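Contents: one structure, followed by commentary.
Note that the chains are named A, B, C and D in the order they appear, and that numbering of residues resets to 1 at the start of each chain.
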Amino acid sequence: MIRVLVWNEFCHEKKSDTVRAIYPNGIHRAIADFLACDDIEVRTATLDEEHCGITKELLAETDVLIWWGHMRHGDVPDDVAEMVRDAVHSGMGAIFLHSAHHSKPFKLLMGTPCSLTWRESGDSELVWVTEPAHPIVRGIDRAIFLPHEETYGEPFSIPNPDRVLLLGSYSGGEAFRAGCLFSRGNGNIFYFQPGHEEFPTYHIPEVQTVIRNAVRFLAPTYREEIRCPHVRHFGDPEGYVIKK
Amino acid sequence: MIRVLVWNEFCHEKKSDTVRAIYPNGIHRAIADFLACDDIEVRTATLDEEHCGITKELLAETDVLIWWGHMRHGDVPDDVAEMVRDAVHSGMGAIFLHSAHHSKPFKLLMGTPCSLTWRESGDSELVWVTEPAHPIVRGIDRAIFLPHEETYGEPFSIPNPDRVLLLGSYSGGEAFRAGCLFSRGNGNIFYFQPGHEEFPTYHIPEVQTVIRNAVRFLAPTYREEIRCPHVRHFGDPEGYVIKK
Amino acid sequence: MIRVLVWNEFCHEKKSDTVRAIYPNGIHRAIADFLACDDIEVRTATLDEEHCGITKELLAETDVLIWWGHMRHGDVPDDVAEMVRDAVHSGMGAIFLHSAHHSKPFKLLMGTPCSLTWRESGDSELVWVTEPAHPIVRGIDRAIFLPHEETYGEPFSIPNPDRVLLLGSYSGGEAFRAGCLFSRGNGNIFYFQPGHEEFPTYHIPEVQTVIRNAVRFLAPTYREEIRCPHVRHFGDPEGYVIKK
Amino acid sequence: MIRVLVWNEFCHEKKSDTVRAIYPNGIHRAIADFLACDDIEVRTATLDEEHCGITKELLAETDVLIWWGHMRHGDVPDDVAEMVRDAVHSGMGAIFLHSAHHSKPFKLLMGTPCSLTWRESGDSELVWVTEPAHPIVRGIDRAIFLPHEETYGEPFSIPNPDRVLLLGSYSGGEAFRAGCLFSRGNGNIFYFQPGHEEFPTYHIPEVQTVIRNAVRFLAPTYREEIRCPHVRHFGDPEGYVIKK
């Protein structure tokens, strides 16, 4: 059983009738609802819960964390962001959605500003598959069509991704690295661009497929603190390697 | 002085009035003309010359090879393609333009089919800079606008590039990795997508800038056959490392 | 069930008493024997069989090919090497062991000479894990100790690997990228350095663990010829994307 | 003229007779002395200066920063580490030497713990060139021999480097990625492992050569804050791209 935690800022849904009409119970509940299945169990947490609803214990019991945030990145305490970063280092998978490119934990994990260009004009977007054999795009034909999305543009100041799986192109002309894989310590990270709160992006089946695939791909097979042990001399009777 | 060799199939220009009107002396001469400058000297070679105009000696005196081909990839003899591959291994830089994605030497160097999807409908294209600090895009603002280009689409079956410097988006909706860096042996390779023969792409100043930058970036600082020497035991008085 | 094909040159075992004493039925049978289990079924093929024991049909029914060769790389026909390359492009996994770094199919897939330095002096080797969370090294502690191995040294003229999972260091002083991942088309490739025929390397449990892990990691989840279709205009009523 | 700033913790040299005997004026002065030449000018700064001797203005006038630290990483204020990180994002090159793998700015730029295993037993080390054509190893033969170094071992918890240029192997048996390139924003980073304070590593000509080469390689050709501008609609008469 893969244990997923969906974290959502959960602010737009409370403030905007438009957003609430699309996600009446919040983006986190919408994601939790389509993810839950025989091999995936889902919990949720939100910004206004105590300590953002996140504890070290909860993260230790989480295989894959999904993060959505936008207008209140700054209200996530630094120590919460650092707990998320450290859990990824220990092997937790993490999916950062859309405007979470500017969230504190994503920026800590990338080591770059993670800035991009953007405009809101209701462009349509095609999200093209560049690596058709990758498990994260299984079940996706050549592209996903999104009738409306916020437009994101390059340069997206991330480190060179380990793999770019998806490229977005917008009716207004921009192109964007829409699906990027990174590894940090023992954990793997997937950035996935679709998901502006004013459009029903997370109700689109192919978007759900990519997120579900990513959950299964990122679920750790190994979980350990990264330590910095002293290592004795190879050859030392009590040393590490000599046990051979 | 950087020594460039521009190789062109030089067939469309002879067969098509449209193409000849754009490149009266051939694509190779157009490229040679805008490249030649104080620090770059240019020679050209074409398919119909003896042995494609290529010899091992010529390649040994070439710092950067530029390759344009399309309709007659199959007429390049295998040993010519292999000479080009080997010269890259020895440190020669190589720029493959547009439909040269399917040329023999490019495929030999990539180890993949290098296929892509395409259509000819005169789309416009925006070529976006993803890595604004890279020397190859110096002098380019956020994007290059091409009024008309052949449309190339993903999946482009290349190995994961060392760096994707440019992304193309087309008015018809496709996205494409338009500028990709690879290294092979001692040499570096740049694939650059613009340049359909029916449009005056190589007359566009920004396209010329990218190619000129790439020539300077790819010019080798090191040139050597890759050998497979025997190496003696470290510790051996006559061995390799012990000479320290 | 993962379908593995172990290909072995099977020459040293016939010529050398030393090698035959270690692998009485050939390296291929030794590998087949430790691999076969509930989820892995294994077939073998060798150089002296008709057409090297390889057909297009057999490769189409193979999930992961394992290749060992050394003294007779040149006797593998080009079309066999090309069939292997094409099967990898279509999604077959491939593991190249030890001296298979210079085999025809590996070189075709890499696009480089794949040369290295080497000497035979019976050094011991430590193969260190650089990415402890990767599925291919699951069950391996910090290093594998090999009492004797042929010594391989850098520079190993391969393209920049997608991931270096293991580093070898030899008692004579060399270091070597001993476990490297690459993707080519729809298939993934693992190069694994241990396995000189004169030492019982494939009888060492940790070496077997890495190969078994690699089989499971490389088994394709997707298998398709890479095509180069025409794609119609987005917006065209009969076009590809417009079906949305 | 390339403007280098060498930053040194400058503690061991004050506390230990052994270290002071090797670097009487500090490691920073030793590095500054061998670097200064016609095209490189060098300034230095140390931990005990006000604000670590670092200001935003100074970094803005620095092309390449070299950082050595070990026992007092924690005494570097967070805002100094963040200034360094931001300067790299804006295009400044950075070389982190030896134990600076655990320095605050390096960890901020990597997004990982940057831990490793280590022991101090005076092993000798061979630092092998994996990419002989790279400008950073120009002038280095196959390996650099260090009679004594602190032993660093894998796993080194860094993100997958853009390029691994050097591999270290130690007489005690470890292997280590000794020379790693990364890019972050507009800046490039080189991690170089040699340089334990108790051995005269920075007096070895080949070590000096690598550092000098790295300075020239990392010196920026582009320097700009990474901004997050609004971008208007392509097609908008006043928009960005339409100026074409």
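General remarks:
The rule we apply is simple: contacts are C-beta pairs under 8 Å (C-beta built on N, C-alpha and C of every residue); 3 or more make two chains touch, one makes a residue touch a chain.
Small disclaimer: the values here were computed from a predicted structure and weren't measured.
Averaging Cα atoms per chain gives one point for each, and the point farthest from that of chain B is the centre of A. Centre to centre, using the average C-alpha position, chain A and chain C are separated by 33 Å. Note: centroid distance chain A to chain B, computed from Cα atoms, is 36 Å.
Multi-chain contact residues of chain C (touching two or more other chains): 117, 126, 131-132, 142, 153, 155, 160, 162-163, 173-174, 183, 185, 231, 234, 241. Contact topology of the protein chains: fully connected, every pair of chains touching.
For chain A in complex with chain D, the touching residues are 85, 89, 108-113, 115-119, 121, 151, 153, 155, 157, 159-160, 162, 172-174, 182-185, 226-235, 241.
Considering their complex, residues 91, 126, 131-133, 135, 138, 142-143, 145, 147, 162-163, 183, 185-187, 220-222, 224, 234, 240-241, 244 of chain A touch chain C. The residues of chain D lying in touch with chain C in their complex are 117, 126, 128-132, 142, 153-156, 160, 163-164, 167-171, 173-177.
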